[in-house]
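Below: a set of structures, written as structure tokens.
Okay, so subunit A shows up in both of these, paired with subunit B first and subunit C after.
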Partner chain A sequence: MTITLNKITKVVAGQTHIKPTSLTFQTGHFNVLLGETGAGKTSLIKLMAGLDPIAAGTIEMDGQDVTKLSTQKRNISLVHQFFVNYPHMTVFDNIASPLKVAGMAKSEIQGRVEEAADILQLRPMLHRRPHELSGGQQQRTALARAIAKESRAVFLDEPLANLDYKLREELREQLPELFAGRGAVVVYATSEPEEALLLGGSTALMDDGNVAQFGPTAEIYRKPQTLTAAKVFSDPPINVAKVTKMGSTLIMGNSARWDSAKMKDAPDGDYQIAVRPHHVTPKPSPANTVKLNGRVLVTELSGSESSAHFAMPDADWVSLSHGVHPYQVGEDHPFYLDPSACMLFAEDGQVVAGGAV
Partner chain B sequence: MRKRSLIPILYILFLMLPIYWLIAMSFKTTNEILSGFSLFPQTFTWDNYITIFTDPSWYWAYVNSIIYVSLNTVISICVALPAAYAFSRYRFLGDKTLFFWLLTNRMAPAAVFVLPFFQLYSAVGLFDTHIAVALAHCLFNIPLAVWILEGFMSGVPKELDETAYIDGYSFPRFFITIFLPAIKAGVGVAAFFCFMFSWVELLLAKNLTAVYAKPIAAEMTKTASSAGYELGLLAAAGTLTIIPGAIVIYFVRNYIAKGFALGRV
Partner chain C sequence: MKTQNQKAWFFVLPVLLLVAFNALIPMMTVVNYSVQETFGNNVFFWHGVGWFEDLLNSERFHAALGRQILFTTIILLIEIPLGIVIALAMPRKGIWVPVCLVLMALPMLIPWNVVGAMWNIFTLPDIGLLGYLMNTTLGIDYDMTQDPFAAWVTIVTMDVWHWTSLVVLLCYAGLVSIPDAYYQAAKIDGASSWSVFRYIQLPKMKQVLTIAILLRFMDSFNIYTEVFVMTGGGPGNSTTFLSIDLVKIALGQFDLGPAAAMSLIYFAITLLVSWLFYTLMTKDDGK
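Entry: the complex of A and B
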């Protein structure tokens, strides 16, 4: 089972919301759509589900053109960010509803609903109504409906975003097993880079209605093709600075300069470097050798990690380091950059040289 | 505790007084009503009610009213449901203007429409039929029902529609088996208000009927004659007029609170 998008476009009132997008989603692993709110993840899912009209392009499922097929006939499932269930039906009827509409025999419905309810631990709640359930149970009901239907494609639109932290972790661990071996193409939209990495598979990075990059998740995390892709796939935000290259030396304004052998092939001129926050540390190390000076703006402590936002000439940077590091807000503090982890981008945002991760 | 409950008790007494007076009057003879002040019926009588329930022109007036009010409620809800769905779910050219224009129909006094309706219905032979009054009342009730239902429908997330389509529901099946149950409180409230407005409306009902579809409000004017007013009979007819409204309000009392919370009642 595959879903293939051929240059699909969405236009609303003369404005292009989804620019021509071509992607192929495969079964067997999670296909993650990663991007900020408003990047077009939900729009893209709605186009694939047939809920919104496509301005141009075609959608194929298993080689069959479904562009003109109605939502009802596409045999898909969708789980929304908000818990959407039929309020007047019991959990059992909610899970059974797509099967009943399809005209399945009662005994088979019973079996499928109970199987899905067992997987999602909903068995004791089958006779309750959605409003009598907790948020996590309501979302599990929606997931159970998607599983019981055994559709060709399952779209999960930030299904965990409205759950509290513990439930989210629990359900996130369960999700890949839920859909493993069912043969459906799973498309999972999220705004958290961490979720994309955890759920693996392949990831499409979305930005402003564009797919910035698409490929195996680990690969596009390691080798972003554009600065935009690097920015989308980084949380906290990736650090960016303007540099000038002269020979094998990179010069970052008045703040720093260092030798970079691997970039020596590129022509001299102005570039942008991007470096992930955990390659900028408050203490020097064999790898972290380039000293930067910044004024500490904000600090955060999260158990085993300390992060500091500090002011640099071009922009504010973030440092993320292991252990508890004492910062004073407002102080000038040295930070050390790992030059081998720097990614070099041309001024138009195209990658020139990648960095080690 | 006692001090706090004093004011609500006084207020409720104040509200109930005219209703009590009406009911008390209905059990008095006209002579007693005219003779002076009495808190309770001195000579208790069922005569007024017996007159109403035995005289066909009286009880048929009630039946007529119930027929056209029910007809009107059914027509108004059936027409308003798709209209309200369109206003709540789709954006189209002039949608907001049209919605406001619908409401302005409620702002004109009924008297404005009496003459055109009378002339029109006489010309097409609808004069003095139940459907004539029911249709005339639609002019006021459909906009009201659209407005109430639109509020309830907009409270249902669009994702519910989408989920149903994805599950394979066709639009009619979704609308009847999923959407209507989700807004049944709104349908109840809208039906209640249609019923009430149609039930109490006098001017159109009276002028568009003569004999066959004569409503109770018109029949009541019969109590005034050259011999004077039959006040006891009038009071009994009035008491009976309150009852249908009271029954309907009993069934929708919980939904109306919901409607108030949405700001649509």
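Entry: the complex of A and C
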């Protein structure tokens, strides 16, 4: 089972919401759509679900052109960020609703619903109504409906965003197992880079209605093709600075210069470097050798990690390091950069060299 | 330590007074009349349940009650489904929404006796738009002052015109409160438009429909003004509904006792049927 998008676009009132997009989603692993709110994740899902009209392009499922097929006939499931269950029906009837509509025999419905309910631990709640369930149970009901239906494609649109932290972790661990071996293409939209990394599979980085990059998750995390892709796939935000390259030397403002062997093939000139916050540390190490001077703006301690926002000539940078590190807000503090982790982008944003570890 | 005082009664008092003056005292007056006989001069004699016995055995009452039940049944059977269909057909967004809403609300804004007068003139065979059209242009014999069937058709049509809007507006309010997500979920489930109606729209409209049915039942069961103006209960007794009969007895003949007894029975029937409707339609809600 595959879903193939062929240069699909979405235009609303003269404005292009989704620019020509071509992607192929495979079964067997999670396909993650990663991007900020407003990047077009939900729009893309709605196009694939047939809920919104496509301005141009085609959508194929298993080689069959479904562009003109109504939502009802596409055989898909969709789980929203907010919990959509029919309020007047019991959990059982909610899970059974697509099966009933399909005219399935009662005994088979019973079996499928109970199987899905067992997987999602909803067995004791089957006769309750949605308003008698907790948020996590409501979302599990919506997931159970998607599983029981055994559709060709399952779209999960930030399904964990409205759940509290613990439930989110728990369900996120379960999700890949739930859909493993079911043969459906799973498309999962999220705004959290960490979630994309945890769910693995392949990821499409979305930005402003564009797909910035698409490929195996780990690969595009390590080797972003554009500065935009690097920015989308980094939380806290990736650090960016202007540099000038002369021979094998990179010069960053007045503050730092270092030799970079792996970038020596690129022509001399102005570039941008990007480096993820955990490659910038408050103490030197064998890897973190390039010293930067910054003024500490904000500090955050989160258990075992310390982060500091500090002012650099072009922009504010973030350092994320293990251990508890006492910063004084306002003080000038040295930070140490790992030059091998720097990615070099041309001024138009295309990657020139590098790739974080 | 719990201190007790009787202050709470003062808070209840205003409501008690209000209910007393607008319901209890008038009601007790009627009860009082219903068990007495009078020959005028404010002299009353105890008559027990005599008036009730007479009334329940009276053919005139049976006939009026029969006409009333038939009328209300027809009204509910037409106005409720028609109201739902119109509400479903109305646009949910765009510039036509206020236009439709105002058009729908118009008939309800007209005073009831004016509605009666309007339809009376509308149906006059010689000068009324409808009457003239039917008789002269189409050649169909139509005169509601002569033909009981024509009178019924006219009154039912008038009531449908006058009150279907209420059902429409209530249902429409129920429909627009359904979030888009439910329609999307239904589409994804593969639901046909009938399933969407049956499993999403109808359940969402259930509460407003309960109100609509109750209001339309009570109103049509108590209909008086329009019919009084249009036919006065005629031709013959063919459109003499309970309320019209009641007024004839109470004010035409000034039989206070029988009229009071009839009022109470009338009231009891309306109350009982309303309670039945309400109980039946809300019995699943507590689960």
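Going forward, the second predicted complex is superposed on the first by the 356 of 357 C-alpha atoms of A that agree within 3 Å, B and C clash if a C-alpha of one lies under 4 Å from a C-alpha of the other, contacts with A are read in each partner's own complex, and residues count from 1 in each chain.
We adopt the following convention: a contact is a pair of C-beta atoms (placed from the backbone, for glycine too) under 8 Å apart; a residue touches a chain by one contact, two chains touch by 3 or more.
Computed from a predicted model, the values in this text were never measured in an experiment.
Colleague: Based on the superposed arrangement around subunit A, label subunit B with subunit C as either clash or fit.
Modeller: They clash: once the shared chain is superposed, the two partners overlap in space.
Colleague: Scan A:T27 for contacts with subunit B and subunit C and give back first, second, both or neither.
Modeller: In the superposition, A:T27 touches no partner, neither subunit B nor subunit C.
Colleague: Between subunit B and subunit C, whom does A:I76 touch in the aligned arrangement: first, second, both, or neither?
Modeller: In the superposition, A:I76 touches subunit B and subunit C alike.
Colleague: Please indicate which partner A:A102 is in contact with in the superposed arrangement: first for subunit B, second for subunit C, both, or neither.
Modeller: In the superposition, A:A102 contacts both subunit B and subunit C.
Colleague: Applying the document's definition of touch, where does A:S191 land relative to subunit B and subunit C: first, second, both, or neither?
Modeller: Neither subunit B nor subunit C is touched by A:S191.
Colleague: Touching A:Y86 in the superposition: subunit B (first), subunit C (second), both, neither?
Modeller: both
Colleague: Common interface residues of subunit A with subunit B and subunit C?
Modeller: Comparing the two interfaces on subunit A, one with subunit B and one with subunit C, the shared residues are 49, 51, 70-72, 76-78, 80, 82, 84, 86-88, 97-98, 101-102, 145, 149.
Colleague: Per the contact definition, I'd like the list of subunit A residues that touch subunit B in the complex.
Modeller: Residue list for subunit A touching subunit B: 46, 49, 51, 70-72, 74, 76-78, 80, 82, 84-88, 97-98, 101-102, 142, 145, 149.
Colleague: In the complex formed with subunit A, which residues of subunit C make contact?
Modeller: Those residues of subunit C that touch subunit A are 181-182, 184-185, 187-192, 195, 199-200, 203-204, 206, 287.
Colleague: What residues on subunit B touch subunit A, complex-wise?
Modeller: 157, 159-160, 162-170, 173, 178, 181-182, 184
Colleague: Which residues of subunit A touch subunit C once you look at their complex with the stated criterion?
Modeller: 49-51, 70-73, 75-78, 80, 82, 84, 86-89, 97-98, 101-102, 129, 145, 149
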